[in-house]
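The following pair of complexes shares a single chain, subunit A, combined with subunit B in the former and subunit C in the latter.
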Partner chain A sequence: MKDLRLERDVRTETNKIEARGVQVYYGTNHALKDVDVDILDKTVTAFIGPSGCGKSTFLRCLNRMNDTVASAKVQGKITLEGEDIYDPRVDPVQLRAKIGMVFQKPNPFPKSIYDNVAYGPKIHGLTRNKAELDEVVESCLRKAALWNEVKDRLTAPGTGLSGGQQQRLCIARAIATSPEVLLMDEPCSALDPIATAQVEELIDELRSQFSVVIVTHSMQQAARVSQKTAFFHLGHLVEYGETGTIFTNPKDPRTESYITGRIG
Partner chain B sequence: MNTDRHIATAFDRDLEGVQALVLRMGGLVEAAISDAATALETRDEALAEQVRAGDAAIDALEEQVNAECIRLIALRAPAASDLRTVMTVMKIAASLERCGDYAKNLAKRSMVLSQMHTIEGAAGSIRRMARQVGLLLKDALDAFIARDVDLAQSVRLQDRDIDQMYTALFREFLTHMLEDPRNITACMHLHFIAKNIERVGDHATTIAEQVIYLATGKLPADPRPKSESVIAGDI
Partner chain C sequence: MSLGLLCLILLGLAAAAFFLGRQRAMAAAGGDVRRLHSLPGFYGQITALAVIVPAFAVLVVWLLAEGFVIQSSALSHIDVADVPAGSDVSLVMADVTRLARGLATLAANGTDVEALSHDPVALKTALGAAGVAMGNDPTPAMIDAAKAVRTTAAQSRLGLSVVTLALALAGLGWALVRIKPEFRARNATETVAMGLLIGASLIAVLTTVGIVLSMLSETIHFFGIYPATKFFLSATWTPRFGGGSDLGIWPLVWGTVYVSVIALIVAVPIGLLSAIYLSEYASRRVRGIVKPLIEILAGIPTIVYGLFALITVGPLLRDWIAVPMGFGNSSSSVMTAGLVMGIMVIPFVSSLSDDIINAVPQSLRDGSLGLGATPSETIRKVVLPAALPGIVGAVLLAASRAIGETMIVVLGAGAAARLSLNPFDAMTTVTVKIVSQLTGDTEFNSPETLVAFALGLTLFTLTLGLNILALVIVRKYREQYE
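After this line comes the complex of A and B, so read on.
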């Protein structure tokens, strides 16, 4: 029998992002404590852990979203392909074009479906003319598995789509700037199971081109979509490893307690 | 092993429920093996019949274990040690069901043998072997309850004794058959009985290995010591 797993076995062992000794403080609150992690290229990495464990905080460090929080202080080193992303010469806006983000609640711009996707390429000057832009919009909507549903109403407002469609529109928007890494902060928690399955399928497809990092409260989702799982607890990265191993035989008792639904 | 309670207490009840079923199966199988061996030695056909009929209850329990494990997987999506517990429970139930079949076979053969003349010493040796294997099975299940890796390891090692008892009996029966061809039918039955009891020992070993997997997440890597095998050339 044909092994279907091989078709999408695009895992590499190349590090895309390397984080070393990352500490985050919100005022006096030490939210993230000494996190070291390597995010692999062309791999889905899931961050799991109870609320307030630091997983979203860490995700937001990866594209400097914490810069926008006045009280947040980030220490340590995070590199994207060897380049320090906290180097003063790095423009956070350019960085976020390379490291895209999708949020928990679908947040399309109050613009047309077309403009939602075209916005990034336009402001970053990634296309030379309308024809090229059209092409980018179509290919991103196709990659986000939304093209067939919206191709006849590209001028309609993005906010008029269903929740699941809006979230896929946000994914199309995030990948329109050809990012290298896609960060997703609970991208399915506002979606129904069918839309969730569609987004999960999309994540698995996107993995052939991007490194995807997903924060999720659903352990089953982490198990379904990721190849690597990191478990955060009280600001510490407790355990990081191959998803199958984490869910069958975790090393740390705290990981075990959390994934089996015990009080940890 | 994690012994904390789940946040969902119904999950704990479900997990404890399937484990209790498997232990009940274990109790029935231990009794069936011991009763069948007694029936053979005392030529007690009523007891043998009771063992034969009792196997249906063991089979029914296995079905119940499987149904509840499937339900547990579907509804609770167990992970890590919980998942290993469910898988182990299913494998132990399958092993016990086979052991129940061997006990039933022993009972059926003892009914046939009770119509034949006795083979000197054989029934006693079979009963001793059956008692030994019953203790092994009990140890394997105790190791399961306590998630006791050391006890499970000792079961793996002790299975060698059962194998040696089988080899000795095999030679004894062969000698009887060579001495007098009229012994052949009885000795063939006795040999199958000994072989089946030896297989119960193998299942006890399988259970012990599952317990090691359950407790550590890994099957034992070291091959267990094998005793000499029975091949015609040895005799």
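After this line comes the complex of A and C, so read on.
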């Protein structure tokens, strides 16, 4: 026993989120069928698959954003550090502060850059005074690699930034509530290649502090930024494993056809 | 030729022109549509437009000018001596017009008008028998004037028919000559369409300018006979139709502002909160039922609201609040009118705000909810700030509605001009006084009547100021956030 543990990798791979038998229905549309996934801590997990296969749907189950869709019905069990997030005692509002989300289209609030980042800490009462809040805003903007570009115009509107800057602002805003998991739904699909490269670099840095789940359309992106990859197809989780294995040695023929470009 | 017939003929010509133009285009292209620059219909359209647009333009201008020409031809028969003492030319001219109409009726009945016109007494009896009552006996001069009216009018109609028909035919010829396969009928139609659109907006703008100018001229007339300083600085409003009135505007402006403010205090919170409920919380089914129900409020005639104020709200407020608390015992009060008016403008606030809140992108809500904000935090901190410019617009629309309201005030707040802070006193507003000054049985050139125009212009300035304020607020906000 003891020897075995010593032989393991130094980074201890604990499960952050465990999903078991997750089913999602939109009215009568069975959008997600029996999905089991373990999301590891301090790891980037990529969800890939053709459009409409349920990637976003599954992502939105993880922070209970599907609660805001009237027709959506979620079944199965999802735990965050062993605690069932769909337990009636869990407050979805608190949960969403712990599991941050970045959306496909940058959606900064029509407020100043400072207020965008300070939004989460303010509503959750995370800071005791203005000085602390200033610190949080600065450190989040630094983590999002945006500080140098905006430090002289924190009071300017967030909507006035370029698309890539806006998306990094949204990332800064999401990490300002100190989440444990960061969900990103195609965060680069509205960005140009340079902004995409910046955001990808940022995701790799964020891995040291958060568990990151990223939905992406681009297989190159999944290969570049993730350690684990899950392939979805028609509402099923077809294959899940090390990114390297999925791309070089897929077990399922559907995965192979997708990554070689035969389904898309 | 009567006007209706003339219009019909012009329209018929246009319809014929359409087919002629299309046919000619097809013929010019040798029956091959592909050789034409535009679809054949466009050639038809341009031909029809060439027939109808100039003809109708001349028709309109002619009809506008006709009145003046007829008037002056009649006036040339009337001397100063023909105007009886105590009367004036416009009264005599009214008689002349009536006489001319009577003569037309008689002529249509087959009476020999020429013979009668030398005998005023017989003429009057004949007119009476034909159902045209004359106040005064027609004088020979008036009869001449009336006959002049008739002949000028007949000549004018004949001229009009000839000119417009000639123009229509000329337009037809012009267009038909022009039609060739390479003629760009499609683009030409576009130009004409743009002209029509510009014309329509011009009419709207010119009407506004015209309204302001007519108000302005009467107002200047008013300030010529009543000192402006007294109008703007006096705090009493006591019109006496015998003269010696005190026409200070402040009691009326105060009443208007007071009633409107109460109305907005009622309508803005209720309207806004129900809009938030409908757009953010209500299920689709509830929304489908409640929204039309609220909008029904906007369709109720204001006189019905007035009755509600008069027989229900007024006595209720008096018996339960004003009398027990010692605020007086009037059932007409600013509070009554304000409350009822507030109910009336709720749909203006709620319906518009609802649309505006719905227009805020869902992605902003998702962003806020995704950060762990509750729905109500999301609304307060993200949705409402984003919707604010539109909401300010909705509130100002409601405010102008309240300022211009008359019926509810008459029945709810009374007609007594008063400067008072007590919301349970009867007061009145600018619009109510405009109506009551103009419906008095008095001449149209006394300060008591003309003051209505000064009041109207003040009201116009007030609402204009409100709109400019709204623009400034909205623009400032936009600069900050977009």
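Here, the second predicted complex is superposed on the first by the 250 of 264 C-alpha atoms of A that agree within 3 Å, B and C clash if a C-alpha of one lies under 4 Å from a C-alpha of the other, contacts with A are read in each partner's own complex, and residues count from 1 in each chain.
Here, a contact is a pair of C-beta atoms (placed from the backbone, for glycine too) under 8 Å apart; a residue touches a chain by one contact, two chains touch by 3 or more.
What you see is a predicted model, and the numbers here were worked out from it, not measured in a lab.
Legend: residue contacts after superposition of the two complexes on their common chain; A:247 is shown touching subunit B, with no touch to subunit C.
Of the two partner chains, subunit C is the only one that A:124 touches; subunit B does not reach it. Contact with neither subunit B nor subunit C is seen for A:187 once the two complexes are overlaid on the shared chain. Touch criterion met: A:68 reaches subunit C, while subunit B stays clear of it.
Using the contact criterion defined above for the overlaid structures, shared-chain residue A:235 touches neither subunit B nor subunit C, since it reaches no partner. When subunit A is checked against subunit B and against subunit C, the one touching more of its residues turns out to be C. Contacts of A:49 after superposition on the shared chain: neither subunit B nor subunit C is touched.
By the document's definition of touching, neither partner reaches A:164: not subunit B, not subunit C. Comparing the two complexes, no residue of subunit A contacts subunit B in one case and subunit C in the other. Residue ranges of subunit A in contact with subunit C, taken from their complex: 63, 65, 68, 70, 93-98, 100-101, 103, 105, 107-111, 119-120, 123-124, 157, 159-160, 170, 173-174, 177. The part of subunit C that touches subunit A in the complex is made up of residues 283, 361, 363-374, 377, 381-382, 385-386, 480-482. Note for the complex: subunit A touches subunit B at residues 219-220, 223, 247-250, 253, 255-257, 259-263.
Of all the residues in subunit B, the ones that touch subunit A in their complex are 2, 4-8, 11, 77-84, 217-218.
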